[in-house]
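Letters A, B, C, D, E and F mark the chains as written, and numbering starts fresh at 1 in each.
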Amino acid sequence: MRGLYIGRFQPFHLGHQAVLERIADEVDEVVIVIGSAQESHTPENPFTAGERIDMIHGALQALRDRCLVVPLADIKRNAVWVDHVRSMAPSFEIVYTNNPLVMQLFGEEGLDVRKPPMYRRDIYSGTAIRKLMLSGGDWQALVPDAVALVIDRIRGIERLTNISQSDYSSL
Amino acid sequence: MRGLYIGRFQPFHLGHQAVLERIADEVDEVVIVIGSAQESHTPENPFTAGERIDMIHGALQALRDRCLVVPLADIKRNAVWVDHVRSMAPSFEIVYTNNPLVMQLFGEEGLDVRKPPMYRRDIYSGTAIRKLMLSGGDWQALVPDAVALVIDRIRGIERLTNISQSDYSSL
Amino acid sequence: MRGLYIGRFQPFHLGHQAVLERIADEVDEVVIVIGSAQESHTPENPFTAGERIDMIHGALQALRDRCLVVPLADIKRNAVWVDHVRSMAPSFEIVYTNNPLVMQLFGEEGLDVRKPPMYRRDIYSGTAIRKLMLSGGDWQALVPDAVALVIDRIRGIERLTNISQSDYSSL
Amino acid sequence: MRGLYIGRFQPFHLGHQAVLERIADEVDEVVIVIGSAQESHTPENPFTAGERIDMIHGALQALRDRCLVVPLADIKRNAVWVDHVRSMAPSFEIVYTNNPLVMQLFGEEGLDVRKPPMYRRDIYSGTAIRKLMLSGGDWQALVPDAVALVIDRIRGIERLTNISQSDYSSL
Amino acid sequence: MRGLYIGRFQPFHLGHQAVLERIADEVDEVVIVIGSAQESHTPENPFTAGERIDMIHGALQALRDRCLVVPLADIKRNAVWVDHVRSMAPSFEIVYTNNPLVMQLFGEEGLDVRKPPMYRRDIYSGTAIRKLMLSGGDWQALVPDAVALVIDRIRGIERLTNISQSDYSSL
Amino acid sequence: MRGLYIGRFQPFHLGHQAVLERIADEVDEVVIVIGSAQESHTPENPFTAGERIDMIHGALQALRDRCLVVPLADIKRNAVWVDHVRSMAPSFEIVYTNNPLVMQLFGEEGLDVRKPPMYRRDIYSGTAIRKLMLSGGDWQALVPDAVALVIDRIRGIERLTNISQSDYSSL
């Protein structure tokens, strides 16, 4: 049995990791969908899909042979979004999500939607971590070591700092 | 002679109905263009184009053989929008609109643009009705019975409630 | 109960009309979907969606209050095409089609697909009629009078003749 | 040696002109890229790309044979934007920009990025000029005469005034 | 060190498998890019990206923890295609390809492009296998067992047969 | 008075140059629209829009201050194509074209369309020149010297040769 979990992973953090480890206890394999895959170099979505794959691949080493990571571009047509996911992702039986829109869309198509195990969303949140990155805070404590390595390699803090000064965030 | 009237109809309400009945007194046939047809499942645009056709088809039974309903996806290029409308809609001679942008665009192309008959826009507005739907107010009083039936059938209040909690309204 | 029938209607002809009249005997209302709505001014698709609506509206006068005509742009993603139709068309229960791809796609989604009543497809075909238009043949005999009127009004034969000389059919 | 300078030029103003004249002292030819070329008839982007070419062509008469003006549509994929510019613009060696996102994107690809000569950005700004246009202020003092002529010819103030009343700025 | 290998995998066959096993001897990890990911249900591209992931995941069980599979939609802008790949795929150092266009595009960007180890391309080809599927030939002999299982589960032969009768292969 | 001339210029050749010099005798300024600007690296469209600007800029040095060169991406909606051109190009009064589709589209919008002065289209044709490039023939004799220089600089013959071997010409 496969479970599907969707996130933007900007960046992948310890909250994601904890949830995925718990889901992996319930299902045989986990399909990890990287949403908004076409976005990068914006304050909300600083990292490319490829960089986010590198983060997840590094962080989930122990689960690697039971995870399938799939970048998914936005389709901007909510009414066809579920079939968009289904055609791009390998087959799955259960959807794990807390996002009310995702729940509604999968629910309208009759799929089995479950709330994933909880984690401290106030601390482990992409928004909070990106703020720490900009303010010089200790973001490294909130992400797996492998993620910090990817961000260092691509000079991610410098990138995020530069693009956050811009008033023109998508070209 | 045909008149064209454009709206998003999220949902179709008694204000729309009153305007269309008045326009139908002035012209032989009315082309009703459903704008932002590609949008659905968002707080601003909860209903699909198909659902909106169902609403209008039910509500305008008496005028049905003098109305042509045309869903129109946004083209996001204002400079070609008038020709986009013209190519997707059957031929028409007059445009009825209160929207300043629509007036400007049709005006630059030299078309006959008229203000439609007035109705109480403060009461009969999609925004106001969607708020009533979320707060449990009496939205049914502001829409034709046929529209309330469509919204019930598709469980529209539940949908709108769920997607309005989301911070991620387009996927 | 509603039946859905899809065609490109380049142009709408007596074969289409015969089929739709037969379908109208079986269901309460017919949803007529105009495929490739975004196409026009090419040898295969000379007429705009709006012009095709005008043709159908004129030809189906007797059925007008039981038909819902919906232009549908191609989405070029077969895997989401069924949900594209469903979101743009009013609700329906049965699909009438002879097109093997359409049958397959609706079938995979579990819909009720039926073969529409037969007509002489060798004579009544868009391709054959467009050839007659180019060669000066009697295409008028194969289309409803209302369709011939639309084609005359828009100078359709001149258009088709000009664009068929071009080696560059989409700009 | 060629330098590249990017702006939206809504409208082209004396600040742009001053910068371009200074750049023209440093390089043999200047590639002027008109960004967001697909936008028009919105409060932020009232003028079409063609109108903006007309403005620049009129204003830069003295430099005309050393300038290459290139309209560039947004690609909305920051990760491929630099190659988008490179494929649409003639070859160039230096990029002049103050925009942090543009600096970051060209920098990641290893190009030579320089800050253009300064001008009074508080006075000469598209935003400020569009506000003056709406309030009846002396916008003409801030743009080259040739630009004022273009805006008069297309009745630009009337357009901007109308579209700024709209709550629905892209169709 | 990572190598990147691109194919459409319609379907994944023993030739692909042999090449990938040889590449895996030369590099630490292999990035497998599934091209034309948005295509499905056509005679040339019968299977969705998700189905192709399922095929590869099943067939490459032994290499699973050293392979990263990435579906990639066509961008239809050759000039930005390399950066499209780079932004969607995890980082890589070597490209393995026999496709002259892919070689040219990566070569123009200065990447290290190598010819992958050879296999019998006359026998092991997607085109040949799809023909066998249509003619009732022994296609199973040319694909890994896991691939045949996926194709059976989705009733792939029935799908391919139906869509190959169609004269209208993309909707 | 301005005249507009459209071509793909793959590559710009002496026939184009002769036509443009003749048009320049009839009008004050010439708007040169580079069609299919988004295409490159295919057998039919080997050169990017930017490379084609470089060709024209080099070849038309004498006319440079009376020519405005505008790259134009295809919009693939013939019904809105004229307004697409109008919004991207500076204002113009006359269209010079031999293309029947372009004539038809501009004619339907009521513009002044004229046949440009003739040149030897059998000899000076992009198709013929690209064939000579592939076969090692004397293509240089058919293009301005400045064009040959651009093609040499970008190693255009090598590019065209490589991509013409490919069976997969757009990615």
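In this text, a residue touches a chain if its C-beta (ideal position, glycine included) is under 8 Å from a C-beta of that chain, and two chains touch if they have at least 3 such contacts.
Note that the coordinates shown come from a computational prediction; the quantities given were computed from them, not determined experimentally.
By the residue-number overlap criterion, the interface of subunit E with subunit F counts as different, with under half of its numbers used by both chains.
The best fit of Cα atoms from subunit C onto subunit F calls for a rotation angle of 120°, in steps of 5. Chain pair with the larger contact count among A-C and A-D is A-D, by C-beta pairs in contact. Averaged Cα coordinates give subunit C a centre that lies 36 Å from the centre of subunit E. For the pair subunit A and subunit E, the distance between mean C-alpha positions equals 25 Å.
If each chain is reduced to the centroid of its CA atoms, subunit B and subunit F end up 43 Å from each other.
The set of subunit D residues that touch two or more partner chains comprises 40, 48, 75, 77, 79, 86-87. Touching chain pairs in this entry, ordered by label, are A-B, A-C, A-D, A-E, B-C, B-D, B-F, C-E, C-F, D-E, D-F, E-F. Those residues of subunit C that touch subunit A in the complex are listed here as 75, 77, 79-80, 82-84, 86-87. Taken in their complex, subunit A has these residues touching subunit B: 35, 74-79, 81, 99-105, 108. The touching residues of subunit B, when paired with subunit A in their complex, are 38-42, 48, 159, 162-163, 165-166, 168-171. For subunit A in complex with subunit E, the residues that touch the partner chain are 37, 40, 48-51, 53-54, 57, 64-65, 68-71, 73, 86-91.
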